[in-house]
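Have a look at these structures, which come just after this line.
Below are two complexes that have subunit A in common, paired first with subunit B and then with subunit C.
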Partner chain A sequence: MALLSVTDITARFGGFKALSSVSLEVGEGELVGLIGTNGAGKSTLFSVATGYIPAGSGSVVFRGEDITELAVHQRVRRGLARTFQVPREFSQMTVFDNMMVAARDQRGEKLANLLFARGAIREEEERLAQRVREVLAFLNLARVTDELAGKLSGGQKKLLEIGRLLMLEPSCIMLDEPFAGVNPVLIGQLCERIVELNRRGIAVLIIEHNLAELARLVPRLYAMDRGQVIASGTPEAVLADAGVREAYMGGVI
Partner chain B sequence: MDLISIANAVINGVVIGMLLALPALAITLVFGIARFPNAATGDYMTLGAYTTMASQLVLGGSIVAAVLAAMTATAAISLLMYFWVFRALSERSHVSRLIASIGVAFAVRSTITFFAGQDQYVIDVPLVRAWNFGGLRILPTDLYIVGAALTALFVVFFIMYLTPTGRRMRAIADSAELAAASGIRARRVMIFLWTIAGAFCGLGGALLGIKAVVLPELGWELLMPMFAGVILGGIGSPVGAVLGIVTFSIAQEVASLYVGPAYKIVLAFFILLVVLLLRPQGMLGRPIAAR
Partner chain C sequence: MEGYFIAIAISVLVYLLMASGLALQYGFTGLVNFGHVGFFAIGSYASALLALKGVPVPVSLAAAALLAALAAYPIGIIALRLGGDYLAIVTLGFSEAVRMTLQTEEWLTRGMHGLPGIPRLFAGWVEPRYIDLCILLLLVVVCVAVFFAIHQIIKSPFGRVIEAIRDNEVAVRALGKNPAQFKTRSLMIGAGIAGLAGGLQAHYLTFISPEQYVPLITFYIWIAIVLGGVGSLRGVVMGTVLLVGFLEGSRFLRDIFTGISEVQLASVRIWIIGMALICVVLYRPQGLFGKSAERKH
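And then the complex of A and B:
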């Protein structure tokens, strides 16, 4: 059974039908790509799956549970996390705090524990800090640990987003154009990291315009156009599909 | 004007400023996290002053117990108003919450006058003499007030910057959407926020009631000066709110030496105007960034 199944999702903005009956599946530990021209509805699909935009109809099932009606943070806590097209960060907080705040299951979150379980909290904070340092090292961000996140470069912010996702200990991550605005050297590094995460068992769904890079990265692709899934399969098959070529090239070829 | 009078005015400004720093901090925290200027802040203070008086009447005796009771009562009302009014409007525009908060302000004040009438009251505290250091006058009561305010400020800054709860508060203030994407439950932070805001307004009102007299317009009339102080310090910056309101209060007290108490607020607003012309983001505020 699939880890994430999005079934027959429809979403409207006023009269505009952004998604019409879109279905998509991501299997346990799978690495899947999602392509499409601007306005095809890719990011909207991410937003519906993660709870930012309500589904007009259809269902989102994650790990066998229907999460269609759940709030954003509840989906995150169940292990479904996303990044944003334009990287976001807590700009007035340090990189370290950006990571710490995303850590799961903190006892210090309950105020009563601050008074009655100080020792346990300190231990947990130390354990989390250790993990933050590991993840930052993994992402080559160790040097900027104590910088304000707002001061990072665009590429570093993309890495920080992935770092924050990792602190959530997700089982499925949705990356919205992770390579956009990132220099080619860093793209290589990002790819390695994504593959490495996937090897550790995290399912990944990636929106990307850089088709060459994506085709090398993922074994399976979905293509969307005008709010619908128009093709799916291996990258070769999808990129050779007449409908996909039509959508991308406007039928010139 | 001789230096001693100016020094005394500065001391008085610092005391009033520290006292008002509590509700000012409540304003800035609510503005940063719940995202609206809470016009009920002043009347929560009034409530604090009246409940101090009331609990003194009922429980008798200790002023400390009365102030603690007032903080608890104001925090409870603040929480009630969150669950009853502001939570329902959390998805609406901040203007709707601002207008609702004006309504809450009226409701709180009217409820107070319904029970206590329009009369003035004084809170029963032991009379003390001012210490005189060659003309510099310091009231022991003022020291208690500053001490209580500093303790409360220390506690909230400790929570804000050194605990996981505070980290989450700062995260929501920074970006509510990203906070949700990071699995942060806003509800829990909101409960904490409104408890702190209520308790601080209650404490500020109680201290002001001790320093001055208790009357129904006590807090409402301070709303504009408090907002001015918060803006002066830089909206959304907790440290800025404290510095801003203290600066504003000192300016007011010193100004009253020259233009008389009736016009002190005009001069204080003039200083606000000058600072904002030179530094639109306030003393510690961040420049308004393109988002």
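And then the complex of A and C:
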């Protein structure tokens, strides 16, 4: 059974049908790409799957549970996490604190514990700080640990967003254009980290415009156009698909 | 003269207590609460009415804080699901609704006649001439305790989350946390502190009436924390001391500038405050004593 199945999703913005009957699956530990031209509905699909936009019809099932009606934070707590096309770092906080915030169910988030469980909170903070340092090292962000997140480069912000997701220990992450605005050197590094995460068992769904990079990264692809999935399969098969070529190149190539 | 100094100091400390609550709500959580005086009023009347019914003052004060905090709960539920601007409107409306209620529900509040004879703090415990001084000392202790508590809150993991909410609420949701939950708590704590401040003031003044709780009070506190610096406790303290010290102290100006009338002087005071606010926002948006928002760990 698939880890994440999106079935027959429809979404409208006023009279505009952004998604019409879209279905997509991500298996346990799978690495899947999602391509499509601007306005094809990729980000909308992400937003519906993660709860930022309500589904007009259809269902979202995650780990066998119907999560179509759940709020954003409830879906994240079940292990389905995402990044944004434009990074949403906490710009006024340090990289370290950005990471610390992310860990879930911290004792110190409960006010009563501030009075009665100070020792336990301190221990937890130390444990989390240790984990933050590990993840930052894994993402090559150790050098900027104490910088304000708002001062990072675009690529570093994308890494930081992935880092925050890792603090959540998710089972599926959805990355919205992780390579957009990232310099080519860092793209290679980013790909490597994504593959490594996937190797550790985290399922990854990536939206990307950079077809060359994506085709190298993922074994399986979906292509969308005008609110519909028009092809799926191996990158070779999808990129060779007539409909995909038509949508992308206007049939020129 | 000494008595007047004590009176000014008490006034400053009551405002300071209210300002600390607003600092937690706005400075650290980003909640635009334009109805702070409403919670202050609830605390005043709750403590006064209970004490008039014979409840010991320490108990009535605790009840005042609790009641003001509880009053913030429904506002949290209703308004925090909406954007920041709506919260501003809802809270402003709330504080005016509280004032209107105090004016019209005469069976409980005696309406515009006000509530006289509220038991003074320390009455019967110390000699009457030392009571003001004792109230002042109590307020100092309460302020120190409240600021210490807020400091503990903002450097805790809870404080980290509210700071993140102020920064980017969408991202907080993406991390599996429900911002409404944290914002409601921040709102309730701030409201509880305002309620406590209201109670303390009622037992100092011994007479309260609805017209003491106009929106202007809320905006004085806003001016104070914006002047001092919203994101730092030191800024909040300095801003409040400066503003309230100036408001209360500038009455002496007439002794120096003998040529102008009372009305003219009042206008000059407001003009000075307005100019100071404009200059700070233009040239030092982080406040006179605010540091950059960087957080140490």
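Throughout what follows, the second predicted complex is superposed on the first by the 252 of 253 C-alpha atoms of A that agree within 3 Å, B and C clash if a C-alpha of one lies under 4 Å from a C-alpha of the other, contacts with A are read in each partner's own complex, and residues count from 1 in each chain.
Following the convention adopted for this analysis, a contact is a pair of C-beta atoms (placed from the backbone, for glycine too) under 8 Å apart; a residue touches a chain by one contact, two chains touch by 3 or more.
None of these values were measured; they are calculated from a predicted model.
With subunit A as the common reference for superposition, the partners subunit B and subunit C occupy clashing space. Once the two complexes are laid over each other on the shared chain, residue contacts for A:C191 go to neither subunit B nor subunit C. Of the two partner chains, neither subunit B nor subunit C is touched by A:L211.
In the superposed pair of complexes, A:L168 makes contact with subunit B and with subunit C alike. Of the two partner chains placed by superposition, only subunit C is touched by A:T94; subunit B is not.
By the document's definition of touching, of the two partners only subunit C reaches A:L148; subunit B does not. On subunit A, the surface touched by subunit B in one complex and the surface touched by subunit C in the other have residues 50, 52, 71-73, 76-77, 81-82, 84, 88-93, 97, 100-102, 104, 106, 108-111, 114, 121, 125, 164, 168 in common.
Looking at the complex, you find that subunit A touches subunit B at residues 50, 52, 71-73, 76-77, 81-82, 84, 88-93, 97, 100-102, 104, 106, 108-111, 114, 121, 125, 150, 164, 168.
By the touch criterion given at the top, residues 50, 52, 71-74, 76-77, 81-84, 88-94, 96-98, 100-102, 104, 106-111, 114, 121, 125, 148, 164, 167-168 of subunit A touch subunit C in their complex. Those residues of subunit B that touch subunit A in the shared complex are 159, 163-165, 167-168, 170-171, 173-175, 177-186, 188, 192, 286, 289. The residues of subunit C lying in touch with subunit A in their complex are 152-153, 156-158, 160-161, 163-164, 166-168, 170-178, 182, 185, 189, 293-295, 297.
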